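Residue numbering begins at 1 within each chain, and the chains themselves are lettered A, B and C in the order written.
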Amino acid sequence: MSQPPAIRVADLSVWYGAQRALTGITLDVPAGQVLALIGASGCGKSTVLRALNRMIDRVPNVRWQGSAMVGDTDVLGPAVDVVALRRRVGMVFQQPNPFPFSVFDNVAYGPRLHGIKHPARLRKTVEDSLKQAALWDEVRGKLRRPARALSGGQQQRLCIARALAVKPQVLLMDEPTAALDPLSTAKIEELVRELKGRYTMVVVTHNLQQAARISDWTAFLEAGRLIESGQTGTIFTTPRDARTENYITGRYE
Amino acid sequence: MNRRGLTLHRAALGLAGVTGLVYAAMLASLLRDGWPLLSWRFLLGLPRELEAGGGVAPEILNTFSMVMMAMAVIAPLGLAVAVQRVEYGRDVWWTRELDRWSRVFLSVPGIVVGLVAYRVLVAELGWPVSILTGTVALAVLNWPFVAVSAGDALAGVPESLREGSLALGTTRWQTWLFAVLPEALPSLVNGLGLAAARMIGESAALIFTAGVNVSPHWGLAAPGETLAVHLWYIRTEGLMPDATGQAAATGIVLLGLVIALLWASQRLALWLERRH
Amino acid sequence: MTAHSRRLRTDRRQQVLLGAAAGLYAAVGLGVLLMLLVSSGPLLLRVGVWQALLGVHWNPLAGQFGLVPFMSGTLLVTALAILLALPLAMALAVVGARVLRGTGPSLMTRGLTVLAAVPSVIYGWWGLTTVVPVVRRWSGGPGFSLASAGIVLALMILPTLAVLFQDALTRVPPTWQEGSLALGATDDQTLVRLIWPAARANLFRAMLVAVARALGETMAVQMVIGGQTIWQLNLLRPGATLTTQILTDLAVFPPGTAGYRALAVMALLLMAGMYMLVRISERWERTP
């Protein structure tokens, strides 16, 4: 597997119509490491994430300034092939969103888009992806069952497998455990730690302990601005900014 | 949207545009042929069999009276069936069968109802081919539509609303009247509007029950050609020299009525929804 | 008597009234079906079901009650209408559900609802003034034809089909579509590989509704089909359907005649068709 790319966001501002969602965000994620984005609801965490794979394109009247380098390409540049970009930058959503197909067809959805039709190759990709997502042991022999019959935690790992099957270099996760019970959450967190090194990851989370457990870097956003970012250990033990400290100690109004 | 992989969507846009043009052309030809004949004399005059310059006043009156009478009967009856099925309904074989046949009768052809009504009412009971006979045929034809659309409207009300009301110690009837009905009213009104539009446009069920001619004096036992039947009759069998134009002008009046009715019922539904 | 027991009594009285309404409703439906059976029974018993259904000659005055010309006409016209309407309705639905933004989709639905409520005689009128002459010029035949009927019928069922298709496509959750796009699918790929398969039960049921509407339509078809009772399969020549034949012959054969009984058989066939469509639709109700 090739080396995952580093991510460098520089002075990124985003507007939804007249409303400003992000102001001058600058962030770095070294190759193969995990960045956690924390902050209150509506602070712009998801917008940062959705800028990186250009899902913000779907919002009407969206505008942006600045750059976001994934490896050597500025994903916000005008000439970027959005479809190719999304194959490099995978995404996992807050609500598990398996398609109404079988487990196999869910994972094979991406590879089939690439034109992989050969049954044996498809099967291998599906198996590898399910193994990487730590779901293989639970669904082996049940690949033809409908994916929506799986439990919530299994569905979310299936969605991770589905994202991994297109062989991305970057993985974006938008509150991946917000809809899950503690046990499933623990499994997903373990999975993130395992995938570290092979993928550069950005994880949005509301759960501060989770951010502390899984990430190398943490960035705290408030009202569309980056308040503070740094190594996770530093942010959680010796935050420089009072607002960060208030937030992580729960004195946030 | 992405720049790439939009071929199908573009083709759909093109096809949809062409389809829109076809409907526009249809409307345009209706207006082209019918507009010159539209006048107060046309709206207020009597039809003429053999000469040009006839009007459609009796047809307008017949359409209104038959649709309103049929509506007066099936709106409450259709709602009653819907309430019985949705609020009090048990799930046993005969209620399931009733629901199934409701859906079958939803698409019963008007001519089939006409065939049966003609035999039962006209041939066996000796009723004249008249406004009353036509009204019964209209009511029978559209009762299932009202019952099903009202049932859908009631079923759309969340169960939690009923439980909340019943938990306060009200009877089921009070629950329905004060909790369910206001919530369902907008879609009920929409459904009734569609039912009335269907009835205004109905013709197959009426040809043999209400007839293809009019009487100068309105009465329940008088023949009751409606606008839709009139359009069909003069366009297929009319002998007047301006038959095409007359038919088109009748079509414009008919279409105007349908659109006005749908518009009004949609506005009413919207107003009810906002007020609620 | 306490207020509560009075209320309960009202409640019970309402229930009796509602039950009576439902009973009358069932009785009317049963009555229609029974009358069709009573009307057609004697003929079916005398001529035989298969002979009636499979005969190709229609001449009630000479004792010939073959219904094949009308069944074939109904099937051909319906098939043609569906074939023509399907791609156009899907195009409209895709535009309404996936291309238009803001108030566009709801405007589209309202426009299509109005078109769906346009009385069938107006479609028939337009068929007579436009479709029939065009087919005549194009084919050299009379213009009144199965093809004209199919075209007019296609335009008639198209708005209904498009509204239902648009609804089916809109019901596919946006989160699934986002999932597909995030995997690097284009919008076309998302439509073909995710949205159509995910919506297929609703799409299929929408088509059944359109089929029912096409099977039962009488006026618009009668105005342009030509009313030819001799069986033939050339789409460019006149024909007749079950509904149009009832319409044209009911004036000739009053109740009590053998001809009327044959018309009742046709009506019964139509009802059987509608029943079958409902049963098929039920089977698709719970499949995703």
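For this structure, a couple of remarks:
By our rule, a contact is a pair of C-beta atoms (placed from the backbone, for glycine too) under 8 Å apart; a residue touches a chain by one contact, two chains touch by 3 or more.
Since the structure is predicted, the reported quantities are computational estimates derived from the model, not experimental observations.
Relative to the whole-protein C-alpha centroid, the nearest chain centroid is that of C.
Between A-C and B-C, more C-beta contact pairs join the chains of B-C. Spacing of chain A relative to chain B, judged by their CA centroids, is 53 angstrom.
In this assembly, the C-alpha centroid of chain A lies 49 Å from the C-alpha centroid of chain C.
Inter-chain spacing, taken between the CA centroids of chain B and chain C, is 16 Å. Within chain B, contacts with two or more other chains are made by residues 1-2, 4-5. Residue positions of chain C with contacts to 2 or more other chains are 181, 185-186, 189. Among all residues of chain A, those that touch two or more other chains are 58, 83.
Note for the complex: chain B touches chain C at residues 1-2, 4-9, 11-16, 19, 22-23, 25-26, 29-30, 33, 77, 80-81, 83-85, 88, 98, 100-105, 107-116, 118-120, 122-124, 140, 143-144, 147, 171-174, 194, 197-198, 200-204, 207-208, 228-229, 231-232, 235-236, 244, 247-248, 251, 254-255, 258-259, 262, 266. Within the complex formed with chain A, the residues of chain B that make contact are 1-5. Residues of chain A touching chain C in their complex: 53, 55, 58, 60, 83-87, 90-91, 93, 95, 97, 99-101, 109-110, 112-113, 146, 148, 159, 162-163, 166. Partner chain A is touched in their complex by these residues of chain C: 101-102, 173, 175-176, 178-186, 189, 193-194, 197-198, 288. Listing the residues of chain A that touch chain B in their complex gives 57-58, 81-83.
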